[in-house]
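Next come the structures, one after another.
In what comes next, chain A is part of two complexes: it sits with chain B in the first one and with chain C in the second one.
Take a look at the complex of A and B:
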């Protein structure tokens, strides 16, 4: 871990974030925007996958997927700035570790969606119920992402040695 | 003679304040609920705004709005209650911050903008719910809504930098 911290602190990116005091607050603000986009659109997509609100065509909700990716891209980019801006803090932080694990799980869950749901969704009835696997993927997705939110907020409060 | 004590000073002496400050995770728990709340609120508002601006034209605006509105209210109530708690705990410090005052003014502006939309152009929703561009009044409201709520989020996040530690 010491090696990782030493390497990250020596990068040009790290020096840039540390030397420009406006980078951090702007990145945090953008991180909130990204979060709202990501969770706002997932709420619609995942709740429909779970089987709520069948009056909305399930394929129409999936037109919102680009917003999920835009939100995630914003948060990934700003998240990288945070990490390199203060590697000594994040590398050893328990809440940060849990958050990263949850993001990986959410990513695997998304892959499962692209493997099992995406190829067949066009054959589904537009306003019908959804199969069990779709409900499971939708519920897991919301659980993982809200977990990401919780542990993100807990980073300043939990286990920085 | 009674000395006038500001309301926000009295707030900090309530049992609620003591409970929040003395419980280890009391304060962050309120922050998490506040974030949950505004994510639900801003997320659902943004979805409707993007639709009004022409994104996902196959989603009927009326159906989408009916679905999203309860989430918006739920999120708003949640962030209001949790935010109110965060406020009460340090009320005298918050209230004098210009960025906090700006945030509150923008929240009110955001609500007024939403009311203008709902009691204005939205009353004729059946004429433009699906497969047609939303009227300019709806698009204007959507742009204002996105700008106002994004600025509210920004003010909230920046409170930590322009405020007290």
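Take a look at the complex of A and C:
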């Protein structure tokens, strides 16, 4: 971990974030916009997959996926700035570790969506109930992403445990 | 002792400010509530300005109820966070801007909601949305964006 911290602190990106005091607050603000886009679009997609809000045409939720990716891209980019801006803090932080694990789990869950749901969703009944696998993937997605949000918020409070 | 000093001495402020879990719990709740309110409202507004037309405006009648649950969660967690540093917040310009923006955004959301309740089925039949509704959608995005930006700036633009 010492090696990772030493390397990350020595990068040009790290020096840029540290030297420009406005980078951090702007990145934080953008991180909140990204979070709202990511979770807003996922709320619609996943709650409908669980079988709630049946007035939403489930086949149309597909059109929200670009927003999920835009939100994620904004937060990945700004997240990288935070990490390199303070590697000594994040590398050893327990809440940050949990957050990263949850993002990986959410990513694997998204792969499952592309494998099991994406190829067949256009054939589903617009306002009908959903199969168990869709309910499971939708519920897991919301649990993982809200977990990501909560543990992200806890980074300043959980420290190194 | 004024009202804000009194608030800071209250049992709630004590719990939020001094207990191990009070502040992080309220802050995490405030984040969850924000994702729900602003997430759903952003989706509605994007739909109103013409994105993803396959999702009917009628489906937002139910979603907006959930958004108001997020709003209440954030009002309550926001009040708890406020008490912990009431005298600081009440003199913070970004905080006052944030509260005013949310006040206007809340009125805007309530007006949009009642318009949706009345007209969603008609609008979903493929007619052009009234200009006033599109203006309200853009105002909504703007006001919530101001709330996010000003909220973040509270920690950076200290009161003199």
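Rule of thumb we're sticking to: the second predicted complex is superposed on the first by the 159 of 161 C-alpha atoms of A that agree within 3 Å, B and C clash if a C-alpha of one lies under 4 Å from a C-alpha of the other, contacts with A are read in each partner's own complex, and residues count from 1 in each chain.
In this section, a residue touches a chain if its C-beta (ideal position, glycine included) is under 8 Å from a C-beta of that chain, and two chains touch if they have at least 3 such contacts.
It should be emphasised that the depicted structure is a prediction, and the values quoted were computed from it without experimental measurement.
Look at chain A after the overlay: chain B and chain C clash there. Looking at the shared chain after the overlay, A:41 reaches both chain B and chain C. When both complexes are overlaid on chain A, the residue A:25 reaches chain B and chain C alike. Once chain A of one complex is fitted onto chain A of the other, the partner contacts of A:60 extend to both chain B and chain C. In the superposition on chain A, the residues of chain A contacting both chain B and chain C are 25, 28-29, 32-33, 35-37, 39-41, 43-44, 53, 55-57, 59-61, 63-64, 67, 146, 149-150, 153-154, 157. For chain B in complex with chain A, the touching residues are 25, 28, 31-32, 35-36, 38-40, 42-47, 50, 55-56, 58-60, 63-64, 66-68, 71, 150, 153-154, 156-158, 160-161.
Chain A contributes residues 25, 28-29, 32-33, 35-37, 39-41, 43-44, 53, 55-57, 59-61, 63-64, 67, 146, 149-150, 153-154, 156-157 to its touches with chain B in the complex.
The residues of chain A lying in touch with chain C in their complex are 25, 28-29, 32-33, 35-37, 39-41, 43-44, 53, 55-57, 59-61, 63-64, 67, 146, 149-150, 152-154, 157. By the touch criterion given at the top, residues 23-24, 27-28, 31-32, 34-36, 38-43, 46, 51-52, 54-56, 58-59, 61-63, 66, 145, 148-149, 152-153, 155-156 of chain C touch chain A in their complex.
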